[in-house]
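Following: one structure in structure tokens, then a few remarks.
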């Protein structure tokens, strides 16, 4: 079995993140499940970074157009995700 | 500022481990402080791996002797650490 | 309708059939309320209080002369019935099964008689249920009376002079009165055991923190309209045996067991009493129906070789103020159901009217 | 030592100075215990029970003839003292300050008299403290008696016939009796308010879940050996004002306020009573010391225009069985302190002996 | 990769972890969301201006900014406009967009890789294909989930559906593997793979019932996380890796937790559910009721202004009066006003509730009579029914044939939310079913009242 | 680094994380320790047989095994022989050994680096020097801590000590930096650095008081973790890295947590303590008492066979009877037998405790009279005194001048452990000090009894 260093690092990261995930999510009250899911959803919008890079280095029209679409989709994910999460969490604002 | 990839990985690891550490240690009852410390103590005995390697590649006498000492010290740390921890934890064995 | 409230004449009766708050409601519903002067005094209600709510105060005769319908508490006496005008309606405790002659007499003067105690125990009749409201108070008072009579205190107390163990209270019957007795005795710190022949009472008893004495081999008991049917003598024998140990250790015994119609079941024999602890007290709430203890005599105190047997029939009445208030509210709810401002609507198809109307059109209806 | 126990002769006194369990201990400590036949009957103890524990049963005269030291509960009557042999010691309730002539009489027959009620309220004397043990029971019984007399029930009850509000109980004095009265009334579900002149009682009262009525500008009160000194009339005036609102709303009032020596402070005036709620009940536990209420007459019932004023002096005695047991254990502890099997050791340097020995060598010591 | 950008990425990664952590508690959830959003902004802006490709900064910046504005404005508007009740489908939609983005990146990378004719390492190829497949599934699956929740699409099931799905999955993976190994290649094949993935996403979600959608969305969410991580691997980009893996792992665990709190296994939700009926628990009488966990009920109550507790006979049976008092206390500590609504015939004897609650030292002035409190129910946030049944049964007002018709009842049904604690759906004293339990604003919390109340107390405390 | 070894390391790393996690709860702590130990064995054995240096397996295996046996047997014997009360110093000793090992590795690496004359990267040099310094400090510091706890060494303090320490620290770091940059070099310089580090360790720990030793040990422990991580960096060895960093981070947090639970800051422990008095809290009467947290008390009680609760007037004042009953219930759920010891004059009126506990529904048969229960105290694991004072004051038996002399008391002092809940060290009714509070088997849990009891309930529940 052959494992290169990068993969190994990745493996470590994945496993540690999994532990961290378990510890972090462990005892979340179920009312928070949806906001949490929504927040996580916004976070994976980080994929937008990839699309920005792709677009930033694209030089043919097709790539630029596809990249444009990708950035739009990613932004939708990020912005929509965070805003929706924030709205969901309105209910946890303490009333005076 | 110049950061090489390995260092960056290390930084990520350190930071993630720190998070993990906080999450893991967060609400430990204080009676467990000493056993926990002792268990952690045994774990950092992993440094023995280094001494084994050193000794395994040493070819002069001084290195071999120092390596021998290092391995002995490391083993003391590991074995003593785990055994002491185990003894401390005897009190948590449920009585019938 | 012109309603009349007389001063109760039965001995020890301190209640009154209407309290000022209820008078106000009756008046605003269009009735006129005539009250005998001093009728509420024993319950803590002065004439002035009634007047302030719109009642018409008057002499006994004046009330009798004006009223179309008498609101009453205790079963009316022969004299009282004789003194009434022909055709007057009566709403009162009647216990029709125990007083057939009284019914005849009332029929003979053409009275329409509603027996509050004959109400069906249905959900919608709950607000009119005088048995519940009065037995509830009686259950509380029985325990308080017992605690006052007993030469011991109820709660466990560990003091510098030594430990006083908690009193042991045994309760027969977990109906309304029995349950409230359990609650009250437990509040005061006694150890409470309970026996009843209805199996569902076990959970209820335990929900009040008392111990239920299970009688083996007891099948479901027949309950009709909320009244419990008598059980066979074999069951009673078995029950006596199951309970005896607790009885002989009891400091206070409160018996509330009743069955439909007739006489109360005998649950405590004279022999058992003779073997009870010296200083123990029995409060027999079934005294009016013959008593659950063989030795009970209604409204009397019997010292059976150091065991005191009381048969008070005025327990609810001894909480006259609350009892009158609740009775009056029951009657108010009853009246709103069976009558309008113009008079009683004799709707015999109505379950409540039909069950309570024991004399109608000169006819005894049971 | 030869100890004697007579049947109590005071009216309403149901207690007895020794119970079988204590007799057993006295006997094993080397004493002989002579008991008048039937002495314990009212408290639930038969002659057989005493005999079984080694007591010597006999006629009254036989006991008087044998005993060197009489164990007694109620303050002895003149006749009782007359009937005693010269030189007999007496251990009993005495209330020396209230009965100077009695002391003279006892001194004249050469009796050595120990007043159990004069015990210093120190920690080590707690096991002998009859005031604590008896007042504790009395406090409980006062509430039970009040609950029985009151035409209302204590607890809040929300029922189909309406809501019964909780009874309001007002307690004067948070000493031993008062605290137990608070606890008992609270258990039964009443709303309890309390007044006392010792500021430290506030916390104690609140620890029992009752409300303390604070009287403004009250300095620390003088307490000597556990007995509270009288406060000035200005304080009493201020207190009456502070409490009045609660008093006029109260259903049951229990007063327990006592001060050293003399007469109990008057805390409830006749005028106040006349403005109280109709149907309210006052139980004045200070009746023997003149009463906290102006209208109180010891051992009597007074109906003051619908307000019932009771001055029972036999409250502890009404829990005769427990009261006798605790009293007897107090006396046992006291005897072990002041005497050996051979007799009393008159160690006047001892705080307890010195404080309780009110007549010695033909001399009144207070 | 040197310079300040890696540190910005590190910062962003930390905000993501922190954000997820803070999102786990109601007190800090909003903050968590904001922190993660801030980190994301840093990462995006940093990338735009600091990223160097072969030493050169990114070009097309104006188009990138245009795309950001288009997506940002659209996302903002959609997120602000959506109704509270439609939140889950909105999340699903946004998730799909993320999946689509990830899939596009793979396609673009593959395109440029084939053009540059540089050899692609197996690892890169793997990441590319995985990103494409997972992103594609997530895209189409999320859109389907969105449509279903919007009720624009109903469950579609056909015989052998599971067989078809599994076959399609195998085929997709096979094509992917062949593309990785290079046995297949070329853009058309890549588009085929994308089409297969999208198709699978559609078929995968189509048969799953509406009630299980949240679980599916959560799962697709963690898929997108993995797809994003693949992108991170492609560009050796740590923040994408961390963000993606974090969401992948946390999302998976969240999915499992959600299943657990429904007492189902994930497999059961995804596969076992084929052909089973939709909706929450069903009842013999046909109506359907909702269940709620103690944690949920605790949050509802802790964030309410007013809670009214309706005690009944069950409170007495469970002897739960002391815990009930404790709950009242915990809620009041949190600033919630708590009252008890006492029905005159609750329990089995007059004053039964009074006896119980007095024993637990509940203040008398917190016990409110029926007539008085009935007016307050419409402005009450949460009613907690503890072992009561008949006394809150609306049949007493509406159904003349009911044995309890005419009995005045506590109008608990008028409150915003009603939580009912009992052990089962069984009837009470009167022996009749209770319509209240099936109301949309009602939810059941099953179990012995004492046990349920004490978990409630714990949950409230932990908030 | 390919082959199976990296996977074994990964496995071992996972066991370490898991081990630390499991060590956090009494229920799983033993398992956690065993798992970590198993992982450690895997890592060690794997290294011995699978590690390849420049493609060749390790040699000197027989010596390695010999060293393992020597160290293992010695460690085992020491660990088994040590008395329970001496555990902390034992931990410190073992920790020092680990530090020594790390320092030796750095020396050896430096030696071989100078010999091989290969250029050393800055990163490596940094790791080497850091490992040496930190390992050296940890070695000597731990040994000093060990000696101090063994009472073979007393606190040594002199004027300007802090100044000297800081100076030494600066010097050490400077030498280290110069060695890293290459301005200094050669073995003698390295040995100088080692000596400086060791010296600093000694001086650093010398002045710190015995009661603060656990904190210092924990800190040194996390130091060793960092030193181990440096080793991991040197050898690019993931398991050493993970293990080291994990202990470094968890150890640091543990240190902080320990300080918090003593209501001190870390700085205060390390520096502010110079010249302050040793020992736990002091009292005006001169004796010293111990404080305990609710979490500790909870563990003591939850793992006891029998707990006796002694209620007093404070229970009434705090109105804590209901929570007290709940604690009893929680403990019994855990299989602990719980009784109440009722002193005849506890409280302020006869039967005060009875009234209270009856209100909370405590079963009568759990209330045991003084005479009866006094015989049981010697076999009782934990006595929990709730707001009582005079009734457990041994002065009643021993001090004829005391106002309570002669009053029979509850012999709580005879139990193995006594936890006393009150708000302060103030006296009770009799106004006298209570010797019991200063007994070695007693510990105070300060605060209102109701609050303390409810945290106890929570802690017990969480076990």
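Each chain carries a letter (A, B, C, D, E and F) given by its place in the written order, and its residues are counted from 1.
What we mean here is this: contacts are C-beta pairs under 8 Å (C-beta built on N, C-alpha and C of every residue); 3 or more make two chains touch, one makes a residue touch a chain.
Just so it is clear, the model here is predicted, and its values are computed rather than measured.
Think of each touching pair as a link: the shortest run of links from subunit A to subunit B has 1 of them. Chains making contact with subunit C as well as with subunit D: E, F.
Ranking all chains by how far their C-alpha centres lie from the centre of subunit C, first place goes to B. A count of contacting C-beta pairs for D-E and for A-F identifies D-E as the more extensively joined pair. Taking the mean of the C-alpha atoms as each chain's centre, subunit E and subunit F sit 41 Å apart. Centroids built from CA atoms put subunit F at 16 Å from subunit B. In this assembly, the C-alpha centroid of subunit C lies 69 Å from the C-alpha centroid of subunit F.
Among the residues of subunit C, those touching two or more other chains are numbered 126-127, 132-133, 136, 155, 157, 159-162, 164, 187, 189, 209. Residue positions of subunit F touching 2 or more other chains: 17, 21, 242, 319, 344-345, 350-351, 355, 358-359, 361. The residues of subunit B that reach two or more other chains are 4, 12-13, 16-17, 19-20, 23-24, listed in rising order. Interface note: chains touch in the pairs A-B, A-E, A-F, B-E, B-F, C-D, C-E, C-F, D-E, D-F, E-F. Subunit A meets subunit E in the complex at residues 4, 6-7, 10, 13-14, 17-18, 20-22, 24-58, 62-64, 66-89, 91-95. The part of subunit D that touches subunit E in the complex is made up of residues 155-164, 166, 189, 191, 209. On the side of subunit B, the complex with subunit E involves touching residues 1-5, 8, 11-12, 15-16, 19, 23. Listed in rising order, the residues of subunit F touching subunit A in the complex are 1-4, 6-7, 10, 13-14, 17, 21, 238, 242.
Residues of subunit E touching subunit F in their complex: 319, 322-323, 325-326, 359-361, 458, 461.
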